[in-house]
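Please read the structure below before turning to the comments.
Just so it is clear, A, B, C, D, E, F, G and H label the chains in written order, and each chain counts residues from 1 on its own.
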Amino acid sequence: MAEKPIQGEKRVFMTGNEVVAWGALAAQADIMYGYPITPQNEIMHYWSRLAPKHGKKFLQTEDEISAGFTTIGGTIIGARAFTGTSGPGNTLMQEPMSMAEMYRVPAVFIIQQRGGPSTATVIYSQQEVTLTTFGGNGEGYRIVYSTATHQELFDYTIKAFNTAWKHRFPTFVLADGYQAKMREPLTIYDPEAKGIEMVPTVPTLGKEGVPGVDRPPVHMTNTRNTEEELYEVVKGLQAAYEEMWPEVEEHEAVECEDAEIIIVCHGVVTRSARVAVSQLREAGIKAGYFRPITLRPFPVEPMKQSIKGAKQLLMVESAQGQLARLVKDSIYGSTIPIEPMFRPGIGISSEEIVEKVQSLIK
Amino acid sequence: MEFDISMPKCWRRETKGHKFCPGCGHGLVLKALGLAIDELQIQDRVVFGCDIGCSLLAYDFFNVDTMQTHHGRTTPVITGIKRARPDRIGIAYMGDGGGYAIGSQHLVNAAARNERITAILVNNTVYGMTGGQMAPTTLPGMKTETSPYGREISQTGYPTQGPEMVAAITREGAYVARGTVGKLSQLKNMIKKALETQIAGTGFSFVEALSTCPTNWSTNAKDTWSFLEDEMTKYFKVGELKVPAKEE
Amino acid sequence: MDLKSNSYTIEGEKAYFTLFPTLCKGCGLCMEKCPVKVIEWSDKLGVYGTPAVQVKEDSKCTGCKICELVCPDCAITITPKRKAK
Amino acid sequence: MAKLVKIALAGEGGQGVQSVAGILVDAAYDEGKEALYIPNFGVEQRGGVSIAFCQISDERIGAPKFEKADIVIALSDRAVRRCAQYAGPETVFLYDASITGIEDDLPGPPVKVLGIPALKVAKDELHPRVFNVVILGATIKATGVMTLDQVKKALEKKLGYKFEQNPELRELNYKALERGAELIGAVL
Amino acid sequence: MAEKPIQGEKRVFMTGNEVVAWGALAAQADIMYGYPITPQNEIMHYWSRLAPKHGKKFLQTEDEISAGFTTIGGTIIGARAFTGTSGPGNTLMQEPMSMAEMYRVPAVFIIQQRGGPSTATVIYSQQEVTLTTFGGNGEGYRIVYSTATHQELFDYTIKAFNTAWKHRFPTFVLADGYQAKMREPLTIYDPEAKGIEMVPTVPTLGKEGVPGVDRPPVHMTNTRNTEEELYEVVKGLQAAYEEMWPEVEEHEAVECEDAEIIIVCHGVVTRSARVAVSQLREAGIKAGYFRPITLRPFPVEPMKQSIKGAKQLLMVESAQGQLARLVKDSIYGSTIPIEPMFRPGIGISSEEIVEKVQSLIK
Amino acid sequence: MEFDISMPKCWRRETKGHKFCPGCGHGLVLKALGLAIDELQIQDRVVFGCDIGCSLLAYDFFNVDTMQTHHGRTTPVITGIKRARPDRIGIAYMGDGGGYAIGSQHLVNAAARNERITAILVNNTVYGMTGGQMAPTTLPGMKTETSPYGREISQTGYPTQGPEMVAAITREGAYVARGTVGKLSQLKNMIKKALETQIAGTGFSFVEALSTCPTNWSTNAKDTWSFLEDEMTKYFKVGELKVPAKEE
Amino acid sequence: MAKLVKIALAGEGGQGVQSVAGILVDAAYDEGKEALYIPNFGVEQRGGVSIAFCQISDERIGAPKFEKADIVIALSDRAVRRCAQYAGPETVFLYDASITGIEDDLPGPPVKVLGIPALKVAKDELHPRVFNVVILGATIKATGVMTLDQVKKALEKKLGYKFEQNPELRELNYKALERGAELIGAVL
Amino acid sequence: MDLKSNSYTIEGEKAYFTLFPTLCKGCGLCMEKCPVKVIEWSDKLGVYGTPAVQVKEDSKCTGCKICELVCPDCAITITPKRKAK
C-alpha cells in the first residue's frame, strides 16, 4: 500500500477499460465489486491483476444486483468502493442505485454503454442516458459524468470518487463500448502530483466505540410510514441536490459565441462534433458545439447562455432522443428550433454531422 | 424491591416496545441473537443488516450499527461490508421470502463462496409484511392469500428445505443449522456458534429459525405454538446440518 | 416513555413475577408455555390496550423462567427468591 | 504525409488482423503520433469477420470509427463483403489476390481496388505464419504514415525476446515487412 | 371456462386491486404471474381466488425478474398473460420489460405506484413515470395508460390487452397505491356486451406442425453482431411505434378552449384537477386541465392544440417533474410559462391546486 | 457411394456449421440433446430456450421453436411457457454462469416448485462468452481473467456443486444428474431421462453437463480432454443424483 | 345535507376503525350515493395509528385524500395527534372523552372540538365490543349524510347471519348506533 | 452452402471415413479420442481455413465411430463396411 501506483505522471497508450482501472487505482479506491459484462469486462480484468499488488481488493459477485449492493456495503463501511457495468447489467443495477440515492451512499459506478434495448449488441450506444440519469423508482439523485476521451475517462474516474464523497450522491462515469475497447494515448498521473487531494472517506456504520454506550448507534432505514414523512425526505434530497448543482455541473461550449448552428451532443460523439465544427468553420459555416459533461446535474444555465445567439440546434446522439429530453427539459421556453439526428445504437462520424449541418444551413 | 427488565444488554431500550405484532417470533429470534451477542461481547464489532419483510422493523432494535436494506439484498450488503472490513462481524437478518425467494441467488452464492458472514433467516411460512402470501416455506395444504384454497404441492412444490440446500453447497468450515423459537436456548446456541464460525473465519454460517406469525396465521397463542411445534416440524427438521471440524 | 412505568410484581412462593405493561402486547405466548399454568389475564392493560398478564395469587409458580424466556417482548421478569435481593 | 490516416483492416479470426493493427498503432504512438485503434467485436468468441479500425494523425483524433477509410485491407471473402461500406471515392481498397468469388462484391470506381498476392508471397517465399507481417508492410507503405524502420522498432519491441532466441525470425519478419511494402509499390 | 365471469354489466363498489383482477378476468386473461409487493398485492389475492373458478391460472414466482420473464414466456406461447408490480419491483422488472420491447411481446403489466426512491413508502406516488415509460436500456417502446378512476382502471385493463395484442408492444396500466387500495363505485361489464371484441392471441412459438418440416422453425434472438444491424432493428421498432402512435394516443382536455391557465396532470391527480377547475370556474377563473391518458405514446398534437390559447401551464404531479419532462419534450418550442407544483410521494388535493392557481392568477 | 452427414435429425442443417468455437463442448451437449429429441420423437412439441452466454449461439440450432432469452433468465421464460401450455416440452439451456450465478434464484426455485421443465446446464468452468472470467464452477487454482493468479478457494470458495444443490431442494419425482461430454451416450441418456421425467409430469428435471471451452482454457485438443476428464472430475462427480421412483 | 362530506376516522389497530368506515361507505353506496374510502397503511401489520378517509357525495368524488375533513373522529391519543392536521376552520373534531394527556394536542378554535364518552357508554351501558358501532352512530349523526335506518340496513347486510343466530346482538348493535347518535346530539 | 461440398471419403479395411470440410473446424478432438490413433491432419482445409482431418491410409480404423460421436460439429461420418451400401 505504501508505494504509489503511479509516480508523478506518465504518458500511456491503452484501452479505456484499462484507463478506468488505473484511474481507480490512482484515486486510491480500496475495492471493486463487479459482475462480468461486455464491454466493461477489462476494467475487472485489469483491476483484478493490479489490485493485489497494491493491497486492494476485488470481489466478483453472482450478479449485478449483488455487485451494486456489495458496493453499497463497502462504501457504507467507509471503503472507497466502485463497480462497473453496462446495458442489461445497468438495468439490473438500478435497484441498488435507487437505494444508494435514498441513503446518499457515495458509491462510484462506471457505465460502458452498449446497444439496447435488451441484449442488442455488446458494442456501443448512448442509449443508457435515461437509465443512468433517472433509472429506478425515484428522482435521479445522482451525478453523471459523460466522458469523450481517454484522458477524461481517467480524470473523471478520479473526480467521481471525490464528487461522490464530497457531496454524497452516487456518482457515475458514463462512457461507452467504444471508449471501453479503443486504445489512444493519454497521461495518467498521481492526483497529488496535480494538486488533487482525495476527499477522505468516512464510515457511516462501524465507527469506533460501543454503540449506545460511547455513542448512539447508527440506524439506517429508508422506509416511511406516511406520505408526509417521505415528502419531507425527498424534499430534503432535492434541496441537497440543488445545493451542490452549481458546484458540480460541467459543460464544454466550443465556438458557440457567434455560432448560427450549435451541435448539441455528449460523450464520445463530442469528438465527431469537434472535428465537424472545425471543418465547418473552415468552410465558412458558423458552427459550434455545446456538450454537457454532467448529464446530471445538467448545466442548465451554461447551456441557455451558450445557445442564446444560435438560429438552430442540431441534437446529435447515438440514441433516440435521450439527450434531447434532458435538453428540452432544461431549456424549455427557448424557441430555437431543434433538429434531431438520432442514431440509436450506432456510431456517428464527423462526416455525417458535417453533411447534416450543410443540408440544414443551405 | 426493584425488579429490572430482563432484556438482552445489546437491545436498545429506547426503541422498545418493539414494532413486531403480539406473539411475533421475530422478537424471539432477536432475543436469541441479542443474548448471543451479549455472551460473545461483540456488540462493538457487529454490523447488523435487516431485510425488507417484517425484519425491517428491527432497523433500530439493537445498540448496534444497523442498515435496513432491500428485499432479499441483506446478504450482499453484509458481504460487501465484510469484504471491505473483515474485522467487523456481519449479520444478515432476513425472512424466508427474502432468503429463499427473491434473494436466493445471494444466499446460495454467499454460501458457495464461503463468505465469512452470518445469515439468520426467519422461517414463518408466509410473507408476513405484505399480508400473508404464500412463501417458499408455506406448508402443504396451508391457506394463504395467494394459496386461498390451500397450498397444492403438485402445483407449487414442497416447502423449501433451506438449510439442507445451503449445506449441500457449502464445504468444510461452514456452519449450518435450523433452530426454532420454540427452543430458545438451543437457538441462541446455534446463533452463537454461527457467530463463532464467522469470528474464527472458517466459513459461511447460516441459521434458519422456525418462527411464528400469529397475525397472518390468524392463530391464538395456543394454536400459534402448536402450528410451530407440531405442524412446521413435520416438514422442517430442527438440528445442526454442518459444523466446522474442531481441528481446523 | 419509561419502560418500567406501571410495572407490577406478584410475589409467589418461590419467585417474584414482574410484569412491565409498557412491553406486554397480550399475545398470551407465556401463558401457554407455563408448565404449571399459573399465568392468567390481568385487568391491567398492556401497551396495545389489550389485557396484560399476571400470575395467579398463591401461585405454584416454580420460578422456572420459561415465561420470561418465551416472551417476545421481554415483558416478564422472574426473580427466584433465592436470588432476589 | 496525410494529416489523418484512416485504416480498416479486416480478416477471419485466425488471420492476425488485430495484432497487425496493434503493432501499427504502437509504432505510431511510439513515434509521438496520435493514434487510435478500436477492434470491432460481436458476441462470438471465434468466428465472424474481425475488423480493426485504426487512425493515425499528428493531431487529436475524432470519432473512433469513420464512414470511409483511406485504406481498406480485406483478407477474406467475407471481409471484402463486410468492408465494402468503408470504401469511398478516396479509398484504396486492398485485398489478397488469392480470394475468389468476390468479383461482384468489390467496390467499383472511383475506389482504387488492388489485389496483392500477400498470401502467396508469404507461403512461397517466406512462411505462412508471417502473412500478417506482409500485410503490415503493405499497410505501412500504402498509407505512408510511417517508415519501415519505425515499424521495425515496434516489432523489435514486441517480439525482441523471440528474436534474441532465434535471429532468423527477425530476418524473416523484416523480410516480410519489406516484401509487403514492395507488393504495394508494384501496384500503386 | 364456459360461463362468463361477468354477465352484461354490474354496478360494484370495490378496491382498485379487485377492479384490476375483474378487469383481467373480463378481458379473458389466461394467466397471471406475480410476486407480492404492496400496494398491488390484492390483485394477486383476488386473481388467485377467482382464477381456478374460471379455468384461469396463477403462478407466484420467486421475484419480479421471474414474474416478468414468466409473463413473457406465457405471452410468447400465446396466452393472454399479465403481471403486476410496484416500486422496487417495477425497477427490477425493467430487465424483462426491455426484452419484451425488443421482441415486441404483447405482455400486460399493471403498475401500482408507491413512494420512492428505494423502499420509501408502500402508499402512493407518481414517481414511476420515467421508469414505466422509459425504463431499461432502451428507447421506451411501450404503451402506458395512466388511469384516474376505478372505472378507468377496469376499462383500461381490458383495453391494455387489446392494445398489446393488436400493436404488439408491452402495455402498461399505470395506477398508484391510492387507486389500488381505495374503494369507489364503478360498473364492471362483459366487454362483448359493450361491443368490445377481444383481439385474439396468437402463439409466436409452439404453433402447429413439425418445425423445419411442415413450417420453418421460429428462432428468436435479440442479439446483433454489428451496430449497423442493431440500428436497423431499432429504426424498425421506432417506425412501428410511430405508426401506431396516432391510433393509440389518448388524452382528456377539459375546459381548455378558453382557459387562461391550464393544469397539466395525469392519473389520480386528475381527480383533484377536475374539482379544482370546476371550483375555479365557479369563481370566475378561466382554468382548464389537460391530461395525457397515454403517457407513452404521448398525445403531443392534442396537447399542443389544447394549450394553444393558454397564458400559463401549471404542472401538477406527485413526483419531482417526471411528467413535466415528458411534457416539455412534447411541446418544446412553446413559450407558455410552466409553473411547477411537484409533490413527490404525496397526494395532492383540489384545495392545494385551487390555492396555487389563485396565487398565480392574481 | 454417397455418405450422409451423421447429424441428429432435429439439428437444422441450414444453420450448420454452427457458431461455437472449434472443440467447444456446447456442440456436444446439443448433439446429445438432439439425439434425445430424435429418439423421443418430440421435435414438434419441444420449445427450446437458450440463455445469454455461449448458449445464445444455439438460438437457430434446431428445427425446433427457440427463444434466446437474457442472461440467467431462460428458466423463468420456459417456466412461463410451460405453465401456460403444459402440453409443450420446455427445455432451458444455459451456462454455469447463467444457472449458478445470475440465475440461481430461478434454478433453485424452479426446482423447489418442481416445475415440469428440463434444465440443461453446461459447466465449462468459465464465463465463456464474455472472454473467460471466473465462474462459480472454476476449479481451485485455475487462472481466469478475474482470478489471474489462480482461483483462491479461501477467498472465493469451492466450485459450486450444482446438481447436489438442486438435488437437496427437490423432492420425489424429480430427476437430477451430472453428465459429461466425455461420455456422450451417457449424457444423451441422462437428457432423455430428464425429458421423460418432464413428459411423465412427475417433477423438475436437471442435467449438468461437464463441457469444454478450449478458447478460454487456451488448450489444445489433448489438454482439452484431459482438463475435462482428469481435472474437472476431481471436483464434479458424474452420475445420477435423483431419479423418479419407478412406481410413481 | 352537504353535497360532499369528508370524514377522517382514526384509532389504534384493535379499535375497528376500518370496519366502521367500511360499513359507512357500504351504506352510502347502497343508498345510491357516490362513496370513496381509502385506508391509510404503512409497513407494520399491527401497530401504528390506523386512519380511514371516507368521502360521501351525490356527485363524482375528487381526490381520495383531502386537506381538511368535515369531521374527524379520533379514538386514541396518538390518533388525536396524527389527525390534528385534518382539522380546518369548518371541521368538527370528535374524540373519545376517556383519552387523557392530549389537552395540548387538540386543535384550537375555530375548530369545533368535542369530546364524547363513547367508550364509557359502550362499556357501561352496552358492551365494550360495540364501541365502534357507537362511533358509527355518532359519525352518521354528525355528518347527517344518511339516516340511521339506512345504516341499520347495511349492518343487517354485513352481520345479518350473526343476528339470525343471536337476535340480541341485533338489539345491541342498534342500540349502540342510537346511543352514538344521541351522544352527538347532546354536544352539537 | 452445401454442407457436403468438398467432402472426402477414405476407405479403410473395416469402414469408410467421410469428412465434411464445411463442418470441420480442426479442433482435433476426434484425433485424441481415436482408440487406435489413426486420425491425422489433412492438407484439406476446414471451414475456418485451418487443416481438417483424415484417417491414415491403410488405417487400422476399427469403425468404432468414437470420432463421429465426439465431433462437436458432426463433420465425420463413419460407415462400417458391413452396413455400407
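By our rule, contacts are C-beta pairs under 8 Å (C-beta built on N, C-alpha and C of every residue); 3 or more make two chains touch, one makes a residue touch a chain.
Computed from a prediction, not measured in an experiment: that's the story for all the values here.
The chains that touch both subunit B and subunit D are A, E, F. Placing every chain at the mean of its C-alpha atoms, the farthest one from subunit B is found to be D.
Of the two chain pairs examined here, E-G and C-G, it is E-G that is joined by more C-beta pairs in contact. Here the CA centre of subunit A is 59 Å from the CA centre of subunit C.
Subunit A and subunit D have Cα centroids lying 35 Å from one another. In terms of their C-alpha centroids, the spacing between subunit F and subunit G amounts to 62 Å.
Chain centres here are Cα averages; for subunit B and subunit F they lie 33 Å apart. Within subunit A, contacts with two or more other chains are made by residues 38, 62-63, 65, 88, 95, 99, 103, 118-119, 121, 123, 222-226, 228, 347. In subunit H, 48, 50 are the positions where the chain touches two or more neighbouring chains simultaneously. Residue numbers of subunit F whose C-beta contacts span two or more other chains: 21-22, 52, 56, 68, 70, 101-102, 104-105, 109, 129, 131, 136, 156.
Looking at which chains touch one another, you get A-B, A-D, A-E, A-F, A-G, B-C, B-E, B-F, B-G, C-G, D-E, D-F, D-H, E-F, E-G, F-H.
Put simply, subunit G touches subunit A in their complex at residues 40, 42-44, 48, 85. Residues 35-38, 41, 44-45, 48-49, 52, 58, 60, 62-64, 88, 118-119 of subunit A touch subunit F in their complex. Listing the residues of subunit A that touch subunit E in their complex gives 65, 87-88, 90-92, 94-95, 98-99, 101-103, 113-121, 123-125, 127-128, 130-131, 134-141, 222-231, 233-235, 238, 319-322, 324-325, 328-329, 332-333, 335, 337-338, 343-347. Interface residues of subunit E, counted against subunit F in their complex, comprise 30-31, 33, 57, 59, 61-63, 65-66, 69-79, 81, 95-96, 99, 203, 205-207, 209-213, 217-223. Listed in rising order, the residues of subunit H touching subunit D in the complex are 48-50.
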